[in-house]
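Paired with chain B in one complex and with chain C in the other, chain A is shared by the two complexes that follow.
Let's look at the complex of A and B:
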């Protein structure tokens, strides 16, 4: 019997394992291998020649290659941090709005919030580029009504990256709100009853029950939000092309430009390896932080 | 469900008179909903404006004489019908593939014992956290070397299996009672028959959720099709045609045209969501809790 199912397991696993092996794991290993090769993307893999860590020296070096990469790395870090810092608290607040039963309409709110997550990022980028339009856009018009002067949004190096963060938060916050709701449903109502008997007010209940018990959910949300944020591509490719003055040049855009458009496959792969390593470090640090709090 | 009724759940609002607190909460909820819906409303309204209205300063919110001109004109600029069809083909075939591979692998991970099972599962699941850009350069070359560049097949084939689907299916199939499966085995049913006739119906909501996720994700996907198609306009999905619309548009600014194109691209995933959102939400909640 056991052997029969072992054969079945092989058959059941073969399609998925083959596809993921060939189109995800193999390319991942190739990325690592190519990062220490001199290789043009327009030539076969066999034409690659080993150059040690030269690619890494170059992308961290003083030339324009190094400056552009370090800029993209910094922009991506800022973009990711801002996205997470905005998305997590908003998802908890919106999650509580949906979850509470004092005022009707929570489920309708969830529908509206989550609907934006279905919109293709290309359409989001197009629509927001018009919303941000300095003269014909409604955002500056509305700011004018409350006495705030026109903002340059995407056209100034000081605000362009932040403007893209905003449209990202708008698109994604509904998904994280649903995750937060999932976390909230796991908190036993009896805890709040007990806290109330002990005289805890709403603020204390939130601080000492809701927030600590949401920690695992928030860790999961943070990891997903980070992975999503480093993938930002469409608004940059479509609207800003990395500008003005490099202020929105983020890694996904930059790696594609170097590795595909300029066909510098070795350099691009070294950048991709750095992105992967940075993600591993950040995610491990997050887990360590949350686990340490668990021990306290 | 009992936990949802407790009154202290909106504990983040300051204590006030109950009616004042409720009014404040209702106002905040309305504001959030309006802010969330506004960009899409603006998109649809703008698609109905005349070119002159689109360029007016300050902007006009409601078109004076709503017209569908932009929707007619957009087909003259990019091949909307062809692009929508391409998107439908890409999203449908990819989804069918993901369903099949995920159900099979999910069943194996949930119900079989085999060597190195947890190692294999961990390796597969780890790919869920890999941003596509990390593998983009070699994948582009790899797909080219097997002759799939610049074709719909090149977009579809690398995406026919993914870790999220396997993970989701394993979570839900694990909940199917072993007795049910053993009874079918006693009757001599083959493993594939058991998977499709016994297991699949018991996890139908999860399958529906995965189908919707996959369809919307691959309808919306941009980076990979853009990279692999190398400018083959016949194979453009709608999201790429939409981006071409903007570059065409830079010369003669016609916002209405772009917004009409965007509305068309947004409509299929949004409609799917409106009718089937229960499955979306349930599966996110399910995967988050069980994970």
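Let's look at the complex of A and C:
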């Protein structure tokens, strides 16, 4: 009986496992294998030659290859951290505003917030590159009205990455607001009623009921926001091309430049492996942190 | 008669009425370019003209931004379904030929190109003695300046030496009016490296000599120092000179709106300047690159573009592509003895490289803007076409931008540029 159960479970799982193996695991293993090879992207895999960890030494070395990779890794980390730090609190704030039906304009806000997520990135990039224009951009014109001088936005290595982060937050916050609203609907209203009877004000209700019970939703949002942010590519390719001075050169864009434009497949694969490992470490650390809090 | 028989007869009649030509084997070829929609329309019109005498060949044109051109060629050129024809920058050729993405030209095409184009241009389109592309355009750098701003600043003539250049840049700078003297472009590899290289060769230096980088020369020291001086004096404001993926952005905006006094740019910008400035384009003049303290006379950098054929395309597609390119670049395909390709190029202010095209467009090449470029062509040095050239160019771009934004000194920038170039070119030569 157990054997028959196991056999039918195996048969039912086989299609999904095969598809995952072919389309997910195999490319991942191939990338890991290529990361220890000297290989040009334009040549067959058979032309690859094993060079051990040389590609990894190169990308962490002192030459321009190493400098550019470490710069791109740092830019990606900063971009991801800033995006998550801004998106999560904003999504909770907007979620609360939309969820509280007594706040005027809630429906309009919900529509506006989610509309930004539906706009294609090409359109977002075109519009924001003009909004950020130092000479004729509306943002600088608005700042001028309140006595603030023109900002360089995308034209300065100090502010270019932050400007791309703002663009990302503007586009993504609506999606995460929807997730926050989904989390809020799971919190029983009776808890708030009980807290009110105990004399808890709105701030205390938020701190001791809303936030702890939103933890699982926020963990999910954080993981998705991190993965989305790490994969940033379009605004960099469309607006800044990684500049100025490599300040917006994020890893996905850099890997494309090295692996495809320069056809250095081995080096590009080593960079992709490092990106994958970094992502795994960060997401595992996040889960560990939340699980520890749950245990407490 | 039954319905089935009626249908069969109708089908047979329809087939018999079809034109004979539709039975001929048709060939579809595609042409990948980075040109603007207006220029793509001209190329499509030329393809239609070609189709009149070659109804079995259909040419479709596909355009991508300049920043995506090499990536598209590399990612799609490896298959037979990729673009059949691609317009490429000569710096990319050695590696595309090494990776067997581009096909050598047939003997007939190679013979004609060797006879009809200048030897230097033919050499830039060849690797190991084999011709891989039909050259079409040549670009050269010169100083562009705004005559109206010069007049306001009391400058009577274009600067001829670096001292005059620095002096003019200082006089043209007006911080209160948001005006800079010299626009030093950033965020676009060729846009950053070519003006620097033009100043370097005008100071008697070189980027690469005999396949080895020579950025440690005294002439290069002076060129890096010039950049630092311009930045420190406030005559060049990097934030006013950013470019975007389409090579436009604040750098272009500030020059066309009269906020930048001088730039060093190639001739192909004529169309962008005209559309951005309208009647005020008449204010723009061209002059040779100022000569540095170690230079003898004005020099600048030149580079060429060519059309190549996908080595992985089918034999019929490759043949059709070479035939189309031979027609497009033939003096009979355009107007008044010019090739159709040169007519398209001249619409953008780009200098054609075929000798008969230069002759055919003599009048337009004598315009105030373009004649300044034609005059410096004879003393221009070709940008070094070496394996690893694109990576070298991008690395030098990063170093020059770090200098522009004050992140490194001229001395450190020079040391970094030489060390990086040595490592990149050595690795690529292996």
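One rule holds in what follows: the second predicted complex is superposed on the first by the 271 of 296 C-alpha atoms of A that agree within 3 Å, B and C clash if a C-alpha of one lies under 4 Å from a C-alpha of the other, contacts with A are read in each partner's own complex, and residues count from 1 in each chain.
Just so we're on the same page, a contact is a pair of C-beta atoms (placed from the backbone, for glycine too) under 8 Å apart; a residue touches a chain by one contact, two chains touch by 3 or more.
Being a predicted model, the structure only gives us computed values, none of them experimental.
Asks: Given the touch rule stated above, what does A:63 touch, chain B (first), chain C (second), both, or neither?
Replies: So A:63 only meets chain C here.
Asks: Determine, under the contact definition given at the top, whether A:234 touches first (chain B), second (chain C), both, or neither.
Replies: First partner only, chain B.
Asks: Pick one for A:127: touches chain B only (first), chain C only (second), both, or neither.
Replies: It touches chain B, and chain C stays clear.
Asks: Which partner does A:41 contact after superposing on A: first (chain B), second (chain C), both, neither?
Replies: In the superposed model, A:41 contacts both chain B and chain C.
Asks: A:5 contacts which: chain B (first), chain C (second), both, neither?
Replies: Only chain B; A:5 stays clear of chain C.
Asks: Report, in rising order, the residues of chain A that make contact with chain B in one complex and with chain C in the other.
Replies: Residues 41, 135-136, 237-238, 256, 260 of chain A touch both chain B and chain C.
Asks: Which residues of chain B touch chain A once you look at their complex with the stated criterion?
Replies: 2-15, 21-22, 25-26, 28-29, 32-33, 35-37, 39-40, 42-43, 46, 54-59, 61, 100-102, 104-105, 107-108, 112-114, 120, 123-124, 127, 129-142, 145, 157-163, 166, 191-192, 195, 216, 219-220, 222-223, 226-227, 239-240, 242-243, 246, 255, 258-259, 262, 265-266, 269-270, 272-274, 277, 280-281, 284-285, 288-289, 291
Asks: Contact residues on chain A for chain C in the complex?
Replies: Chain A residues touching chain C: 40-43, 63-65, 68, 129, 133-136, 150, 152, 154-157, 237-246, 256-257, 260-263.
Asks: So in the complex, the part of chain A that touches chain B is made up of which residues?
Replies: So the residues of chain A touching chain B come out as 2, 5-6, 8-13, 15-17, 19-20, 22-28, 30-31, 34, 41, 44-45, 92-94, 96-97, 99-103, 105-106, 108-116, 118-124, 126-128, 130-131, 135-138, 141, 144, 170, 174-175, 178-179, 181-189, 192-193, 195-196, 201-203, 205-206, 209-210, 217, 220, 223, 227, 230-231, 233-234, 237-238, 251-252, 255-256, 259-260, 265, 268-269, 272-273, 275-276, 279, 283.
Asks: Within the complex, which stretch of chain C touches chain A?
Replies: It is residues 67-68, 70-71, 74-75, 78, 95, 99-101, 178, 186-188, 238-245, 249-250, 253-254, 257, 259, 390-391, 394-395, 398, 401-402, 404-405, 407, 419-420, 423-424 of chain C that touch chain A.
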